[in-house]
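Here chain A shows up in two complexes: once beside chain B, once beside chain C.
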Partner chain A sequence: MQNLFTAMLSFSLFALISGILLAIATRFFKVEGDPIVEKIDALLPQTQCGQCGFPGCKPYATAVAEERAEVNHCIPGGERTMLAIADLMGVEPKEIEEGPTAPMVAFIREDECIGCTLCIKSCPVDAIVGAPKQYHTIIAKDCTGCTLCLEPCPVDCIDMLIKPELLEHWAWPLPGSNRAELGHERKEQHHA
Partner chain B sequence: MLKSLRSLFQPKVTGIYPEKHKLTATAAIAEAPLSSHYILPLKQHIGEICTPLVRVGDRVLKGQKIAKSQGYLSAAIHAPTSGIITKIGEHAITHPSGLSMESIFIEADGNDQWDTTLATLQDWKQLEPSILRERVRLSGIAGLGGAVFPTFIKLLQDKNHPIESVILNGAECEPYLTNDHRLMVEHSEEIVLGLQMILHMVKANTAIIAIEDNKPDAIACFQRIITAQELHHIEVKSLPSSYPQGSEKQLIEFLTKKQVPAGKLPLHIGLICQNVGTTKAIHDAILWGKPLIERVVTVSGDAMPNPGNMRVRLGTPIDQLLAWHGLENMDGCHLIHGGPMMGERLGHAHAPVVKATNAVLAFLPQTMMAAHKEESPCIRCGDCSQVCPASLTPNLLADLCRQDQFEKVADYHLFDCIECGCCSYVCPSHIPLVHYFRYGKGQLATIKREKAFADESRQRSSAKEARIQREKEAKEAAAAKRKQARAATAPVTPPTQPTEGQS
Partner chain C sequence: MYEFAVILLSTILVNNYVLAKFLGICPFLGVSGKVETAIGMSFAVMFVMTLASTASWLVQQYILIPLDILYLQTIFFILIIAVLVQFIEMMIHKTSPVLYQGLGIFLPLITTNCAVLGVALLNIQHDHGLFTSAFYGLGAAIGFGLVLILFAGLRERLDGAPTPKAFKGSPLTLITAGMMSLAFMGFSGLVKF
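And then the complex of A and B:
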């Protein structure tokens, strides 16, 4: 009989200590937010463009993490981002519907700008400077090319321009790839 | 038997022995005539681009500083002759992309008048190293061996890493190139003096002049001077003429049996390495007050009618330089900027001579076609690993680069690759291995840059969200406060505002 009580007592004690330890552990090792969301978000290009159908990169990352969205909706991220997300989520890679596009940057034709500040409000990364009834301009180096400023502009004075290829950003193309030929063609044109 | 056993314990033989083709080894350095115009790209070194100090229409003197360094890692640019600035704008440069760069255009006035404001430092032995180093910085000197790293940075003294020895790099291992060879033969005295200045600047005690054994005349020149002047702390060492003997880390390993750790500089093991051309430039800048406005260029190749070595002003258009050597019509010729192993192909000859231009080579189409073969699959022969001077496994690395597996290339030490081209040279399958490594390095840099931009964008976007949230809360708080104030004041003054009080 005594053995029975000893067993019950020792097990309850053990359960109690484990419970306390677990409680402490949850307090100390508490994870803020969902780590998988953060990880996906870190892979996304942060253009906040909404081309994936979600209002920004974080919402898309959340949707992918909750398996509400496919991994292939990030168009600016391209194939590389899709593969990285698929790898992280452990799902089969899916082809991206739209092909890769050249990196773009927005440009305001200042003489036509009426200074309405609507584009400033729409820019997700605060890359437009200006004040009411003053010309607005885009900080080209901070523009992600998301095109969100085009739609609100009442006078259509914003153009999307192809980002110029900078010498310091130039990288060797893959040997024998199409781009290598393109580069060669450009050289020939330069020669002409 | 004994021999083969001994070979097991000897260090691994790396590198290759390509045909040397030193056509111009006995051709004395010719002085270039004055060109009608000069084009100076604003970045001719590793580091940050310079900002122009002159405007269109300005008159400049020979040796006058026309662009100043911006930031620390940079080297100033000086006018190669006296004349008028005609344009500041984009111009083709010797870059594999074919992109252009902001450049300063000078039209020579023919007087070639020196700017005499830069004093000569005849008493350099008494001067503080910092003064001499400042002179090297002001003179825009960058490593003339090909890497064009700003020289004054290499001459800095670091308390934690005292320099024990200076290595003068006279190993000109690329085929065809003879500019350093001729410089050593014709200007050995200036070079030895320059070496003593470097020793003074870095407070080092000993120096090694390293020259390959295929340049016995240069070795003899230095030995004569050292015995005549009793410079016992300087030693001339002869090296086997393999390729890439002139590569800094490989040269150090051969001479001292010490390896420079990956990602570290020779400075960290108490050594510095200077090219002979750079040493001559240091001498000229200190003793004669002459900034870096010219360099020796080898003009060679089987399509060149009169190959030779020439002292050329920086900014001379390459087509002009080729014309001086009898090559007027470049149709069908393949031009290479630099040596045949590491140089870049030039699509055209409009680009100017820059600080990095050690050679301009012209080859007949049939020579190039014979060298260019279709890539076939890797047969795992291992020749590339055998010759790699950095002890890498080029075939595995190339596979990773081809398949875009960039997260793994760091494990195979892609960034230790010096792009010497030995692997591509020996590959029986004609795989352009170095091209794959350049692709890999470029993609990694792009990924890193895009990641940094994404992080910055994320910060900006969350900052904006936070600001909107803050503004919203402030508005709500203000509204609540007004409401409260109204509620507090309402019962006290009902007669003044009866309508509002009632509601």
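And then the complex of A and C:
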């Protein structure tokens, strides 16, 4: 009987001490949230544009971390973001599926705008100004060209235009890139 | 010194825990898909096995024998292993989230890796001393890691090989494991320990 009590007592004590040690270790190795989701989220441009097919950057980061999504869906982030995410996840980089389009910017035909504010609510980067029953307009330098405002507009008065290249930011395009081809096309048109 | 060398040689090659004693087969087959995860798993097991064999020896000598409760040996050892695994899980989660994700369920399953408990129990059965126990655990873990990494390498290469459809996946994995075990039988004449 004596032996039984020592056995129970010693095991309980041993378990208790191990538990306390583990609890102390937990404090030292505390992980806040899922670090890999945070890391991917930090790489994304945070435009919350939804072009990846997920409702925002954080959900896309979660999907990539859980391997539910490929690394190449972030269009605003471009190739650099894709390479960084592929490197972080340890997977092969993938070509970004993007048509040969230039950076776009939305444009509101103001004489047709009825001032419904629906596009303002849908803009992920707050690049539309306006008030109810007033014309809305787009702040071109903040627009990411995500096209999310096109659908809610009840009178279809929003166009997507090719973003004008500002002189102070202009640089030679990389050979073979979309921008280079576009410039080439423009030149041909100009000389035709 | 000579004794330790023999222990290492014996546990790594001759009495390899996976291929000669057939312990720890579950992670051997489960985590051997990619070399990178296999390396991570090897280091995790190395940490757990070495510390578990040392700690279990101490518990055996200073708790179980003095209190005459040897019948609690298994549950004490499992508790030690579980605590160590919990600890390394926290450590990996903090330091390398990618590895943590790669190891997945197999990381907590080191707790039930029979090779770890096997090493602890065999240490007691063979009447090893403290340092011998630690070295035996380290050797067993290195042996496990070596075989796991080699096997992962083989599997990575076989993935690209034109194998018959019926052999794809698990059958080929099991056949490869069997052949590796046969190959390691070649070491059996090397040392007697």
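As a working rule, the second predicted complex is superposed on the first by the 136 of 192 C-alpha atoms of A that agree within 3 Å, B and C clash if a C-alpha of one lies under 4 Å from a C-alpha of the other, contacts with A are read in each partner's own complex, and residues count from 1 in each chain.
Just so we're on the same page, a residue touches a chain if its C-beta (ideal position, glycine included) is under 8 Å from a C-beta of that chain, and two chains touch if they have at least 3 such contacts.
All of these numbers come straight from a predicted model, not from anything done at the bench.
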**Request:** Examine A:170 and indicate which partner it touches, taking first as chain B and second as chain C; both and neither are also allowed.
**Result:** first
**Request:** Mind working out whether A:29 is in touch with chain B, chain C, both or neither, as first, second, both or neither?
**Result:** second
**Prompt:** Once the shared chain is lined up, is A:94 touching chain B (first), chain C (second), both, or neither of them?
**Reply:** neither
**Message:** Applying the document's definition of touch, where does A:7 land relative to chain B and chain C: first, second, both, or neither?
**Reply:** second
**Message:** On the A-aligned overlay, A:15 touches which partner chain: chain B = first, chain C = second, or both, or neither?
**Reply:** second
**Request:** Once the structures are superposed on A, label A:109 by its partner contacts, choosing first (chain B), second (chain C), both or neither.
**Result:** neither
**Item:** Comparison of chain B and chain C by chain A residues contacted
**Value:** B
**Asked** Same chain A residues contacting chain B and chain C, which ones?
**Response** none
**Asked** Contact residues on chain A for chain C in the complex?
**Response** 3, 6-7, 10-11, 14-15, 18, 21-22, 25-26, 29-31, 34-36, 39, 65, 88-90
**Complex contacts: residues of chain B adjacent to chain A** = 92, 95-101, 347-348, 375, 402, 404, 432, 435-436, 438-439, 441-443, 445-447, 449-450, 453-458, 460-461, 463-464
**For the chain A and chain B complex, residues of the former touching the latter** = 41, 44-48, 56-57, 80, 123-127, 142, 144, 165, 167, 169-176, 183-184, 186-188, 190-191
**Item:** Complex interface listing, chain C residues touching chain A
**Value:** 36, 59, 63, 67-69, 72, 75-76, 79-80, 83, 86-87, 90-91, 93-94, 97-98, 101
